[in-house]
Each structure stands twice: as C-alpha cells, then as structure tokens.
Amino acid sequence: MYRIAAFMLLGAVILISLTGCFDAVELNDVEHVSIIGIDRGVSDKWRITFQLPSTAGEGEKGGMGGGGQAGGGFSYKTLTIDAPSFFAGLEMANASIPRKLELSHTQLLVFSEELARSGMVGEFIAPIVRGGTIRFSSNVVISRGSAEEFVKSFKPFIGKTISREIADLMEQANESGYFTNLTLYDLYDCIKSTYHQPIAILGAVNKGENFKENGERWGTEFNIAGDYYAGDIPRKDGNETEILGLAIFDGDRMVGKLTGFESRLLSIAKGIFKRGIFTIQDPKSPDYIIPVDTRQARSPEFDILFEGTKPIIHLKIQIEGDILAIQSRINYEDPKLQPILQAAIERFIKDGLDRTINKTQELNCDVFKFGQKAVRHFGTIGEWEAYNWNSHYKEAEITTEVKFSIRRTGGLVESSQIIFSGEMNK
Amino acid sequence: MKNMTKEGKIGFQEALWLLVITTSTKLFFSSPTMAVKLVGTAEWYMTLVSAVVAAVGFIFIYLLLKRYPENNIMEIYNDVFGRFLGFILSFLLAAVLLIEAAVGIREFAEVQKVYVFPKTPITFIIGAFVAVAVILSFLGLEAVARYTKLVAFSLILAFVIIIILAFQHYQLHRLFPIYGYGLGKTIYHGAMRSSAYGEVIIVAIIAKSLHGAKEIKKLGFTSLLISEVLVLVAYLAFLLTFSYFFGRELTAPMYVMSSLINYGVFFQRTESIFLFIWNLTSLISGSVLLYMVLIVYCHMFRIKDKKPLIFPFAIILFSLSMIPRGIMDVISIYRQDLMQYGWIVFYIPPLIALITAIIRKKKGVVKSV
Amino acid sequence: MAGIFKTFKELLSYKKPKEPEGGFELLEDENEGVEHENNQINWQKVEKKACSGDKNENITVIKPPLTVDEWNKTKKQESTSIQTVKNNMVASKLAVNIEFIKEKFNIPKNQDVIVREFNIAQKIEACLVFVDGMVDKTIINQFILPQLMNTESFKSFNGDCPVDYIVKNVISINQVTKTKEFERITTQILNGVTALFIDGCEECLLLESRGFEKRPVDKPQTETVVKGSQEAFNENLRTNLTLLRRTIKNEKLVTEIIPVGKMNKVNCAVVYLEGIANHTLIKEVERRLKNIDIDFIAGDGMLEQLIEDNSFMLFPQVISTERPDRTASFIMEGQVVIICEGTPFALALPITFFHLFHTSEDSMLRWQYGTFLRLIRCLGIVLAALLPGMYIALTLYHDEMIPTPLLMSIISAREDVPFPSIIEILMMEVAFELIREGGIRIPGVIGQTLGIIGALILGQAAVAAGHVSPALIIIVAVSGLGSFCIPNISLSLAIRIIRFIFIFLGASLGFYGISIGITIIGAIACNMKSFGVPFFSPVAPKTNANPDIVIRQPIWKQKMRPDYLNTPDRKRSGDNPIKWKNKRGEQ
C-alpha cells in the first residue's frame, strides 16, 4: 500500500514537470547580458547601457555549417536606457528586447567616473548584491568618459566571444601588473571595510588624442613607462578600449586615480605583483635605459607601531629581476658594477613608491591595506571601530625600504662596446 | 515486508554518520550569518565553546542511559518521573524536534527560493521535501541509516574540496580583532548556541537500536567531535573569506563562498557541487527528524505501528513549515529562538532525570544478557 | 483468353458460398475453465485387459481350464494388481502396468513413447518403456536387449522376481535404480530414462540411457573476457554440472536436483559447498523452490522472478552468469547457485550491489589493472544514469553554472532547434533505445552495422536538419557508452530506466529534483535485501569485507570470505598466502 502512495506522489511530481515547470528557462528564451554600463542619466536618474550578444542578421547559416558552428556567429548590440532604478531599467528594456534579460553571465560592470565621483556607486551596488544574479566574480571598471561609450566600443577585437575577451584582458593584470584584477567581491568588501579603502580598475576609450602624427621626433628625455591614466596612452588603432591604472575610493566616492606605474607599485607593496618590466635610466649614461623584468622575491613586510593614535609604519619590499637589455653596453653583469645598478633600481622604485604613498595619504585612503596588520593591535571589534583606522591614515608616518637583487641577465653574460671608426669609440 | 514496530539494530558507523549529517546541516544556511552578527570575528572559536557545552550535556545523557541499559529516553522519563510527567517531557521533546524539522525545511526552501528557484511557489519545494521525508520514513530507520553511510563519505569529501578550493580568497586579517565583541559575549553566546548540537539526543531516542552503553558513549562523543570539526572548518573558511561586516549581511554564506571559486575560464561557477551537498544533507536531516518525532510520539501513546501516522505527521510538518511569514522571520525569530532556548529541552531534562534517578535510586533492569 | 472470360463470368454471377461464414473460429465451449484432473485414466479398459490377460483380442487362444484354487489366485492377483495401480504403485501383473502406462501416455495416439515387450531369457515377460529421441538407441540395442534376451546369463536363476538378479549380474548399465512409484517412473521416462517392467515383480528398474541432442560447449555470448576461460554453460543440466565439477574438485560440493513446475517438471540443481554455505540459506532456497506452484518454467529467468524477495525493486536480487569460472567463485565465497535446465545461465544468490559490477576479468588481471577497470566502470555507471538528467537540469535551471564560452556555444547551436530541451532529449534517448533494441533482433553482421550506421546517420542527420543540438548528441552517446560498460544486463537495464527517471526529475526541479531522485533511489536500494543480505553490504551496513569492493587489492590480501554471507568457515587462506616470499631458499 505504501508503495502505491509513494508512486502516486512521485507520479504527481513527474506529471507536473512535463508541462515545463515554473523555473525552467530554456537557454534560448533569455538574453544573457555580457556588459552593463552605468552613467548618470539626463532624462532620468540612471543611464544604463546593456551589451547584448545576438545571433540575428549577420553570419550565414548554411545547411550543414549552421548546426556545426560553435561559439561563433555572435554580433554585439547595445541598448541604452534612462531609468529611475536598475531593475526598472531592466524591465523597461524588455519593452523592446524580445527575450528577458538575464544577468548571470555579466562579466563587466562599467561605472562612469562622473558617477563614481558623485558617490553613487554604493547606491547602485546595493541592489545588485542582494539580487544574487550578478556574480561576485564580475569585474568592475571605472571609465573616464561615459560608460555608454565604453560599452559600445568594447567589442571582440581578436577573439570571437566577448567573454573570452574580457577574461583575457583581465588576465593582463598578472602579466604586466598595470592594474589589478578586481571583482565586485573586492569592491563590496572594501566599501564596507573598516580595514582599508576600495580601489577599482580604471578604463577608458582611447581616441588616439595623445598620438601626435606629425611633429618633432623625441629626444632623449626619460619617460616612466605606464605612467598614464587609462585612455592617455599615445597609440593609434588597435582596440578602442583601454584598461590601465586604478581608481581610489573613499567609502563609495571616487577621490583619486593612480597611473599604471603607481598601480604597479601598489601591487608590489601589497604583495600581489606577479611580474612586470620596469624601465630605469641607466645610472652611468642617463641617455640610455635598462629594462628589468621584475618579480616579487618575498612578500612585503611591514611593522606598525602606535604612538598614541598615530601609526608608524615601516614597509620593506624585496624584489628581484632579470636584466632584459643594456643599451649603453656598459658591463653591468660584472659583479663590481651590479651594486650600482641595483642601487639605481632601488632608488627608482622607492621614489615611485613614496610618490604613490603620498598621493594616497593626501586623499586619506588606505589602499595599501596597512590596516590589516594594524588591527592586530586591538582586542575587540569595539575598540577597533572606535579607533576608526581609516580616519587616521593621513597622519601615519610611513617609511619604505626597497631591496632589489639581479638574478639573471638573459642570454648575454657580458656587454661590450660597439666598434666605430674614429672618434665615436668611447 | 518491513515490520515497523521494531527498529532493527543499526551499526556504529551508520548511526555516527546519521547524527553527524543531521547535526551539521544547519551550517549551510544562515547560522554563520547570525553567529557573526552576535560575536563578530570570534565566531570560529565560539563553536568550540558550544561543542564543549554540548559535550557536557551529553555526558549527563550518557550517564542516564548507562543507568538504564536497553531503554530509550522516553521510557526513562516514564520510569523516573512517573507516567504523567514523563509524558509531558516526551511531548516537549517531540514538539521541539518537530519545530526544528519544520524550521529547517522552511529555511531550506526559502534559501533555495532566493538563489535557485525564484519563481517556483514555495509549496512546491516544501511539498517535494515532505514527500521525500514521507518515503524515507516508510522505509524505516535501517534503510535511512545505511543510505546515509553510503553517501556520507562522498559528501564530506566534496565539502572538503570546496573548502580547499576557496583558498584563493582566504585572508588572515579577517580573523582579527581576535576577541570579537568581547570574550564574555563569546562565551555566553557559545553556551546558548550549544543547542546547535542538540540533535545528539537522537542517540537517546534510538538507544534501543544500538549495541549497548559503551557504544553509545563512543557514538555520542565521536559524532560531536566530527560535527564540531566540520562546523569549525566551515566557519573558519567563512570568516576568512568574508570580513565580519560583509558576512553578517549574506543570506547563505556557504553558497556565496563556493560561487567565488574562480581558477580560470573553466574552473569557475562550481556551486553546483555545493548545491548537491546542500540538497542531499538537508533531505536526510529533515527525514531523520521527522522519523524521530514519530518514534517519540508512538512511544508516548503506545502505538505499535507507525505507518498510519506518517501521512498525518507529514501534513502537520507541511503546515508548520508554512507558518513563518517570510525569510527574515525564519532566520531571526524562529531559528534564533531554537538556538537560544533549545538547550533547555535537550540537556536540562536528562540532567534532572539523572539527579532524580540517583536520589530515588532507580535503575534499569537488564532484560537480556 | 477463355480463362479471362471465365473469371469475368464468375465475377458477375452468383455462386453459393462453400465455406461457413468466417472460416475457423476458436469459440468458447463448456469445457473451458473446467479444471481437468491429470488422471483421466480409463479404469474400465485397464480392468478388462487385466482380467482377460489377452494382449490380442482377435486371436482366440484355447487355454486349459483352471482349477478353483488357481482361479481364485489369479482373480486375487488381478484385484490386488488393480488396487496397487490405483495407488500409483507398480503392480506385479505386467499387463496391468502396460495398460496403465498406455493410458497415461496416450499411446497409441502419442507416437513418441515406445513400449517394447519382450521375454527375458525367453521365459519371463517384460517390457521396456522409453521416449524415442530422448534415449541413446545404442544403449538399448547393445546393452539392454541382448543381455536380457540371452538365456545363458539366466541359467543360475531360479525364482519369481529376477529384478535383483538382473541388477547384479546381467545388465551392464552404469546407473540402475529400483522403484515402485509410478510418479517417479513417469518423470524419469520423460527425462530419457528407460523403464523395465517385469511380470511378477512389484518393482520397476530404471536404466540410465539418456542420449538426446544437445549443443556443444561453446564460447560465452554475453560475458566475453580477454583473459579467462572461454567456456560457457549450455542448456543441458548434466553438462553444466560437469563444468562446475571440473572447476571445483571438492568432495563437499553438493548438487541437489529439485524438479520445479507442475506440468513440465524442469530439473533445477541447487549447488553449494557443504560447510561453507550457510545452512539456513540453503534451507530457505529449497523452501522457496519447492513451494513454487506454477505450470511451466521456461528457464532461469522465470525462476529468478519467482524466488526473488521483492518483485517491485528495480535492481535484481540474484545474479545470472554464463560462465562456469564465475559460478565457481560464487560457490567458493559461500553463495548458493541454482542451475536450471533449458537456459545456459546459472543463478547465484544472495548478492550485493558490488557483485553486479564485477567481472571475472578483474580477478584474473593484476590488481592495478583490475582496479583501473573497475573505476572506469564506476564512472560509466554514474555517467549512464546521471548525465542526461544533469544536462537538462543545468540548461533549464542553473545556467549560471555553465562557463560562459560553453554557454554561448550551446546557445548558438540551439538557435535553430524548434523543440524545447526536454522534448529534444527524450527524442534522442528514445531513438537510441530503439536502435539498441533493433540491433539485438537483427542477426549477425547486419545487426552491428545497423547499430553504428543508424546512430551515426540519425545523429548527423538530426543535427544537420537542425532538430537537435550537437551537444545533446554527445551527451546521449556518452551516457549510452556508459551503460554499455555495465557487465550485468539486469543492472544495465535498471540503469537505463533510472536514467529516464532522472531526466524527468531534472526537468521538473533542477538539481533539487536530481537530489530527490538520488535520495529516494538510494534509500530504496539500501532497504533492499537479497535473501536476507542488505543490498549495499559491505559498505552499508559495515561488515568485515574482503578488500575487494571497488578498489581491488592484490589476491594475497583477500583472506576472508565476505562477512555478510555468515559462512561457517570464514577464512579463505592461511595467514600468509604467499609463503614463498618469506622462506628464502627453503622448499
């Protein structure tokens, strides 16, 4: 008897299922938004841009080929809408988009700098985090122009699908260190954090303004590589969008920016720097440069002491690197000359680091995460919150120490001079 | 066919995993969130305090059971306190277990509705759950215990894998300041929340199916130890991933933690594994609690056959699960109250019974050699 | 020309119908449903024959008149004879016996049974009864009739009943039995044994003379292995038992033969090792076999369904195998084996789930290879049961769990498909099952090619037409391959059914539904008992096991018999199965 009852129960469940149950959503019945851009709107409070992959129109669907083609055949269209809130925007978009917008595969959130500086980022993120559909692992980018422009320009440049593009672009943080692969999780964590302040990736559309077509050729002035904000790199063509540098927030309001170079140093100080090439001036012949492929040798160490309420921090960084080129052909591989080069590199990095630290101190934003160690001096959460570390950051006395060691010199173990005829021989 | 009047004997390992899974299912829901709200960064060692208090409580239960070999706790209450008081105490125990099952089911359904099934009506989810509990109750304790042992190993393994994979987001600084909101508060809440391990009283309810007092002692302590280790590791992982200000906001922190795992294009979005662990453990836990309620109830009213009662109790369970208004009620009112006051029913009556039995010099009779 | 004209004329003119309307019909009559007793013996005829004593009514023989005493004696003999025959015992008067046999076997209507009357040593009347075709004619022609008809051997015989004398001195047949009951005699005659009735004897001799056509010992059809014996059972019981005896040369190997089935009396052999198999188990098996009340058992498949614990469970509770070496390993572990005439399979019981996915090859190979093969089979089972259900659950409910590039490729492939996912997957699953079923029916080479070509063309054409997405073909194909890995056919069919259950559950409630399915099926399977042994021993409940469940440890580590069988003798081997490793240089 009980078996009959059990089967009836099961049968009832199964019968209901065949009608295509409540939450069953076919993959083709929804539209997976890949990028969302948020601006301050004019006709309404928010201006939201959605980038939608679509298989309509372009791309031929032949008989045998159509079914077998995998992954390709997408064209990316955008929709911009002004709405009083994010979810209102989602729904109003469906007045013209036939399929329901689905946010579970959104990989990029773009805020405009204007919006960030008005302090509206937190206001926007609150509903997203609660909704649970946008994953915490999606990246957040602050764009210099309008987010709409950024989203419109972000099309697959090399690959076929935008998700690969975004993932690969964010991977470059590990390759060059010019920005950090920051996700919504990091942003939200830091917004609420009592330990430190948030940072976000800086992006922009590079319209090629800095790329001067005609003019005098460059002399021998030394420019620090990567010391630009996003969108300022002098280049032409290529992918229109550009990611470089970090934005600094106080709470949820953007207060400053770091260039690519400064972001690298920030990563080194935090211990998350993977590798990157620093280009320094040759100490013995300042017209030439020496690029060094740098890695972190050890995690940075810092000690925090408290003098009353003023923190005293001593930061010690240990990095190592390989020499990639010696333009002046001075034999720095010689053990007698190596310390000179090392000292030069250390000085260079220390200067940059100090510059970055001063910048953040002026803005009173602890993005270096010194607070993480400072908290160990406190017993309970009550004491820590009463102290309010974020407000004391600007008073902190921070001293830095950099140690650099040259590990390898590449394929050449000795540099020697180029031979000229006559007086050019040095 | 299965004879429902007598429970067969179940082995040590099966009973162990039954207890462990029933006890530790709670941690997948909002317990970490509420704990962080109360004690902040001291959450992970608060569970140690809870476990110690629960172990102390279990010692009383064990001593009581040792005094009355081959009797389960309802019979002991009847013997020590007389039939009327014993009836009331057993009823209290059954009521608390039933409420615990109902709250557990509702919490499970609510969290599923938030993250997985936004449009499905909640009656459907709860209905399916109760149907499974019914079928498992029909099959009997032996079958459920064996099945639990069969899947327990894979579930624990998958859980450990998730905890290890989430390593990339662990940051040690989130454990500091180390005393949370104060040591006193930690100990107080830890003691209160020892009812999280209160399911150890199931040992006393199924005492007749186990093989003697020695095994009961080993069973109780081992299950407490394993559940404690699981909960500790989970809370630690949770705290290392979400700082105390972030963690106290999340509905289902374990789920979010497993959704953060991201090792490249392919190794991401692995919360499907976690969903399976979650679903399977909750289904087992709910069914076992329903079955325990049935055992106690049938013993109270001296009913021999449980089968006709399963459907009515399923309907009662369903209705009880539908009582809370919404998820906040479930998390902050019902679950909290169960945690705060559950220990009164789990640990105090056995203690009183033990003292009374010693005073009145009552002992159990050994029926078989 | 004339023929056409004739046909035309016949078409137009009227002809009276010859046959009754409708042709032949099988209608009900008053005999239907009435249970006839087996013994519809015409006793009058028997009595008449007995009394007259005449075999041939046409020839009148003049006999001398009998005295009163002799008359009384013959009359008494006749009445006792008829009485004994009515009690199913052999009568001393031969004519009565013959008549009874003729009535029973429906001779002369039934031309298979031969009654050969002759004289022993030219003096005593006797008769041989046998079934033509079941006996080896050489034995009767050369070893029974000449020796019995020979007067030389009967020189030293004086007495009434020569049965014992014949058994001891005359007949050179290897197996001779004496019996009095007609029940047994008819059974044995039907089995191919020759019955010898002698006038004046109340016992009948059963002479072993079986010699019917049977298939020679062949290769196994369903359980092929690479490394292992290539002999399989065939339909003859004696051959099968011999194959077993060749593998287990132990004096304690017991084969009890129990006839099953009311109307066709199939012989079933219950084989076990005395002292290793549990007594209560053996008694239970015999009890179940003896209490089967059914008229026809076609083979071990039907037998399995009649003696199993629970017919409603999906999983089988006895295991059937075609190989004698595997059967021998079951017997050595302490299980009881039933071999039924008529099908080349043996049933072994009780079993656990883990028996269903071991093959004999695992034990023949080294432990690393055996473990590896088993792990692959485990993976096959999991894929076969769960993969389509998981795919449906993922795409319908949990699309956030699919990595984005994969998702985009599935979407672009599914754009052209007009059906919803669940219809798509059901279509492909049903098509695949049809191909499998069809491939079994079609004989020989065509069958295999049909399977491959059918699947290939069907899949390819479906994708090209845009009816199915390519991802789905892969899913269905992989899960089909997984189910091919399962060595036991009952388990593989059970898994195929479970796959459909999981598809429905996954389509209705996503991962929650699949978890519900796993819970219910798992709990029901754990509840199952096969002849008193829980189905998932030795994992749940935990019993002391051979280290041979999934990971197979080397043979010299498997020292004990399985605990759940409760065998009297637990140890398989001594403490050190490889003694030669410790003793160096010694013998």
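By letter and in written order, the chains are A, B and C; residue numbering begins at 1 in each of them.
One rule holds in what follows: a contact is a pair of C-beta atoms (placed from the backbone, for glycine too) under 8 Å apart; a residue touches a chain by one contact, two chains touch by 3 or more.
Owing to the predicted nature of the structure, the values given are computational and were not obtained by experimental measurement.
Farthest from chain A in terms of Cα centroid separation is C.
Taking the mean of all protein Cα atoms as the centre, the chain whose own Cα mean lies nearest is B.
Averaged C-alpha coordinates put the centre of chain A at 72 Å from the centre of chain C. Put simply, the C-alpha centre of chain A and that of chain B have 43 angstrom between them.
Computed from the mean C-alpha positions, the centre of chain B lies at a distance of 50 Å from the centre of chain C. Shared interface positions of chain A, defined as residues touching 2 or more other chains, are 10, 13, 21, 23, 135, 163-164. Chain C has residues 397, 400, 404-405, 509-510, 513, 520 in contact with two or more other chains.
Multi-chain contact residues, meaning those touching two or more other chains, occur in chain B at positions 116-117, 120, 128, 135, 265, 268-269.
Residues 2, 10-14, 112, 116-117, 120, 125, 128, 132, 135-136, 139-140, 142-151, 265-266, 268-272, 275-276, 279-280, 283-284 of chain B touch chain C in their complex.
For chain A in complex with chain C, the residues that touch the partner chain are 3, 10, 13-14, 16-18, 20-21, 23-28, 30, 32, 53, 55, 61, 63-64, 66-74, 102, 104-105, 107, 133, 135, 161, 163-164. Contact residues on chain C toward chain A in their complex (touch as defined above): 312, 395-397, 399-400, 404-405, 407-417, 420-422, 463-464, 466, 469-470, 504-505, 507-510, 513, 520.
Across the interface of their complex, chain B is touched by residues 394, 397-398, 400-405, 509-516, 518-520, 522-527, 534, 536, 539-542 of chain C.
Those residues of chain B that touch chain A in the complex are listed here as 40-41, 114-121, 124, 128, 131, 134-135, 138, 169, 171, 173, 176-182, 242-246, 256, 259-260, 262, 265, 268-269, 307, 311.
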